[in-house]
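Worksheet: one structure, shown below.
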Amino acid sequence: MIANGLYDFIYGIALWILQVVAWFFNNILAWFSVGAWFVSPGVVEFLTTLLVALVVFIVGFLVSITFIWEERKILGRLMDRRGTQVGFLGLFQNFADGLKTFIKEHIIPDEVDKQLFNLAPVLLIAMSCFMICLIPIGPDFFMANLNSGLLLVFAVFSLAPFAILMAGWASNNKYTVMGGMRAAAQLIAYEVPILLSVAAVVVLVGSFNFMEIVSFQQDNTWLIVPLFIGALVFFISAIAEVERIPFDLPEAEAELVEGWMTEYGGFRWGLIMLSEYVRGFAACGVLVLLFLGGWAGPDFIWPEVWFLIKMFMVFALFIWVRGALMRVTTKQILGLGWTKLMPLALINLGIAIALKMGGWL
Amino acid sequence: MERIGLAPGGKTGDVLAQDIAQRFQQGVTVTKSTHNRLYAKVDKSVLVSLCTYMRDGLDFEHVTSVSGVDWLEEKKMQVVYHITSYANKVTAELVVDLPRDKPEVDSITFLWGGANWHERETWDMFGIVFVGHPKLVRLLNPDGTEVFPFRKDFVSGRRV
Amino acid sequence: MDMRLAPHAVAMSSAEFLSWSGGVMDQLMRYTGAKKAVDKLTAPIWSWAIRNATVPLHFGIACCALEMAAASGPRFDAERLGMIYRSSPRQCEVLLVNGWVTAKLRPDLRRLYEQMAEPRWVVAMGECAISGGPWYDSHNTVQGVDTFIPVDVYIPGCPPRPEAMIDGFMKLHKKINKEMKGTFLND
Amino acid sequence: MAEMWLNMGPQHPMTHGLWNLRVKVDGETMTEAEPVIGYLHRGWEKITENRKYPQIIPMADRLCYGASMSWSHLYCLTIEDLMEIEVPERAKWIRTIVLEAQRIGSHLMWLAALGTDLGSYTVFLYPVRERELFLDLMQNLCGARMTYNYPRIGGVRNDVPANFERDFTRVLNHFEKRLSDYEALCDQSTVFRMRMEDVGYLSPEKAKNLGVTGPNLRGSGVDYDVRRDDPYEMYDQVDWKVCVEKSCDAYARYRVKMDEMRESCNIIRQCIKKMKPGAIRVKPPRTAPKGKTGWAHVEDPRGEGFMYVIGNGDERPYRLKVRSPIFVTVSAAPEMLVGYKIADVPAIMGSVDMCLGETDR
């Protein structure tokens, strides 16, 4: 079903575990039918898929955590100051942040719509983690190799405004409602350019499957070369999707206190912050897969490591933009989205079609 | 030399002092004047007409401050206006005496918007009522304080 | 389902079952002493975590607020201790009172303190927050923040230097480490 | 559309100090604004009636803590006008240098606060880093970082330390190179121009009438500066130009303050060349006759600072009135705010450089 190196490796482990259990049932309890059931292919495949999902999630989670560390350190260096010094080189800072939220008090303000208030962070973190398993990190290190992988990623990406609006509305606070509405307007405004730039890639490659996109780029050039405008549009729209500085109006520090996150504290806020960085992981991952040739690279290092290096460099670009620019107001965000990015995306689509028709690519 | 956004007034303090003195004989007594200062004692009734003339006639564009003074022994309240003319580079100090038991004076907020909060603060601190002020409510003290803290009979250090 | 078929069954909603089973588990853990052992083991981890991620509230009152800003500047970078200023009280641990508190500000400051999530500390920075400072004979100043909020660390100085503020936070870390407030030891 | 009142403050990341902007909002546009102040009111003028004349100097430092030197200097000027004291020449030169250094420090703090408001944490940290250099200079001279207690009635407290000229020129040369960095970060970034241009319009007539003074007045195209038109200390013996902008919006106020910083460097350099050795203080009389009055006004970095004092016969003043420039500019805030969007409030109020310590006294 998922033919890749990770799956086979973990298949061996799962089989070994189940054989130990089966040996226990057969020899000690002499319950042969159950023992045989344990070793049957259905159960083994189920356990393997579970373990593969666990491994992929842990890797995705750790990479997102190191994004937080990377952001603090590079942002510090951009601002001529050292970043956090907690632990070795500041690496333990995000564990401290994460663990701290476990012991914080669970505050649910009483005039708040309880069900929605609790559901919003859960929805957000669920969507983000779902995206981790859709993004392949290497040729034989992924959870699911769907033919419509790219489509599913962007379907999940566009689910976020619902959770944010729900959070904003449920917190029953003027600031959060405005933050939620701004978030919805901004994310919808940036769905169109991002999907157009993705359409250009799909026109050239011909399929939604990440594997084929990367192999196409391995045969020909990286898609950033012909579709540079598309990559630029994707980069800017990805910043808006992930609500980072030039476009982080929903969480605008200056006017809306904390935007739609104001009423969340403790563990719920921890989940929301984590989901923000996991969405950053997903955005960088898709950008690398579509335009920077995924795990293509000279093979003295593992392909997975190539993929991670490129992702950290793209995220460093995100941070650099955050360090240099200021926040844009809603009117300008929507103006930029509709009037500037969309024509660029259309031009890019035109180029892609021309290349395809002309037969060069 | 010509300055952007300002009338070409070049009159010194003394010239302005004579102009005011001969125009308002009975209500205004000009005590002292130098090339950029002008000191005068003004009667309550003449204040608004003098201020209107100063603003429109003599290019006094800006109220620097309106300060209240509480003379406990002499049983009088005093309001001191400092009005500046950017064009002539002159600042005028007008002193108005009011009875201490019923201190009332006409507001000049309709002439200069800058005096709005100064008058409101003077009322907040001294209880001097500015007749015709658009919004005479507490400004600096917490809402609901009944006492006027800057009067001499209010001992400082006592909690409101 | 006909309840008469299972006479000993107890009708319980899911929420009730949840709280009932939680109660049983809790008593079991306490009775066997497992809770105390686990808490004693994990307490240092929780206190290390909260020590290295103390987030003060982005809230400046007066001159000490400028020194707080200077402390997060490039020269005395407070972020080395993991201190980032967030502006919503729900997500902060430390309420840094840096300036004189007037009668008009007291109810708001009290509400801000109550909005903060539980393991919270208050640091009174500067003479005005400690005891009213140079405004000792003013009619409108509250003589000391600890008259209406429990204060953990006092940082003297008018205004205290940024190093003094960072030293104040180091003292707060020692206090967190000793008191283990926020960990599950004492509940 | 239903209009709602929104409270921006008193605890709000946008406010520099504590005030509450009650805004009536129709959608995102502001139809009415009403600033509420008084959160920092400590009855400063009432307390001065229990203090002797020299004891009020440290209190005057804490009026506006961003520019404490200019307020204690203004207080000394007022008392010198009351007691008719002639300050020796060298003291005047030192005062001019120190006032201009404090102006640069105050403008840097304003630029830092403007940076956080517009969302760029870098523009907050670079000016704070440069301000540390000026704080070091002041610390060599007066011993303290922010509240200097340096001017005295009749001169200054102590003479300049060793190699005072070398330190000043070294810091000024370094600072002028850095100023071009900030302009690259702010002026050349279109995001900053989009946020600041044609926002918070204040016509020259309205500015003069509403009592707005200082850089905010010169930003609205009115060429008035107390240092040139009513000179005190040594400003008439130093040739420098007043910077005026005519576009009357937030960007103009920003431009005026940035040019003023360059102008201050120019003034300091000339003062250092023209300073000659001599006495630095005159012994003032201890008391002032009852009923005698004195007043003075200076060009504070935020506007026209003014103090009016009445003698009481003994060593204590009978009444000391302080006019704070920001007290009046905040009362003129609704004029600048109405008609703009909520997202523009930080840009407008950030460009006005508020310091609430002097507003509430």
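In this document, chain identifiers A, B, C and D correspond to the written order of the chains, with residue numbering beginning at 1 in each.
Here, a residue touches a chain if its C-beta (ideal position, glycine included) is under 8 Å from a C-beta of that chain, and two chains touch if they have at least 3 such contacts.
Bear in mind that the values here come from a model prediction, so they are computed numbers and not experimental data.
K.L.:
More contacting C-beta pairs: B-C or C-D?
P.N.:
C-D
K.L.:
Between chain C and chain D, what's the gap in Å when you average each chain's C-alpha atoms?
P.N.:
About 36 Å, centre to centre.
K.L.:
Whole-Å distance, chain A centre to chain D centre, using C-alpha means?
P.N.:
Comparing mean C-alpha positions, chain D is 47 Å from chain A.
K.L.:
Return the distance between the CA-based centres of chain A and chain B, expressed in whole Å.
P.N.:
65
K.L.:
At which residue positions does chain D touch at least two other chains?
P.N.:
12-13, 38, 41, 43, 46-47, 50, 125, 129, 360
K.L.:
Using the touch rule from the top of the page, what residues of chain C touch 2 or more other chains?
P.N.:
Only 58, 73-74, 87, 102, 104, 137-140 qualify.
K.L.:
Spell out, as numbers or ranges, the residues of chain B touching 2 or more other chains.
P.N.:
141-142, 149, 154, 156-157
K.L.:
What pairs of chains are touching here?
P.N.:
A-C, A-D, B-C, B-D, C-D
K.L.:
Within their complex, state which residues of chain D touch chain C.
P.N.:
Residues 10-13, 16-18, 38-44, 46-47, 50, 58-59, 62, 65-66, 68, 109, 112, 124-125, 128-129, 131-132, 135, 145-147, 357, 360 of chain D touch chain C in their complex.
K.L.:
Considering the complex alone, what residue numbers of chain C touch chain D?
P.N.:
57-63, 65-67, 69-70, 72-75, 87, 89, 99-100, 102, 104-105, 108, 112, 134-135, 137-141, 158-159, 161
K.L.:
Sort out for me which residues of chain D touch chain B in the complex.
P.N.:
Interface residues on chain D, with respect to chain B: 37-38, 41, 43, 45-47, 49-50, 204, 206, 208-213, 220-224, 229-230, 244, 246, 293, 295, 297, 304, 306, 308, 310, 318-319, 321, 323, 327-328, 331-332, 335, 360-361.
K.L.:
Help me check something: in the complex, which residues belonging to chain B touch chain D?
P.N.:
3-6, 36, 61-65, 67, 69-70, 80, 82, 84, 86, 89, 91, 93, 112-118, 121, 125, 138-142, 149-150, 154, 156-157
K.L.:
Going by the contact rule set out above, which residues of chain A touch chain C in the complex?
P.N.:
Spelled out, the residues of chain A in touch with chain C are 72, 76, 79-87, 92-93, 95-100, 102-105, 107, 253, 257-258, 261-266, 269.
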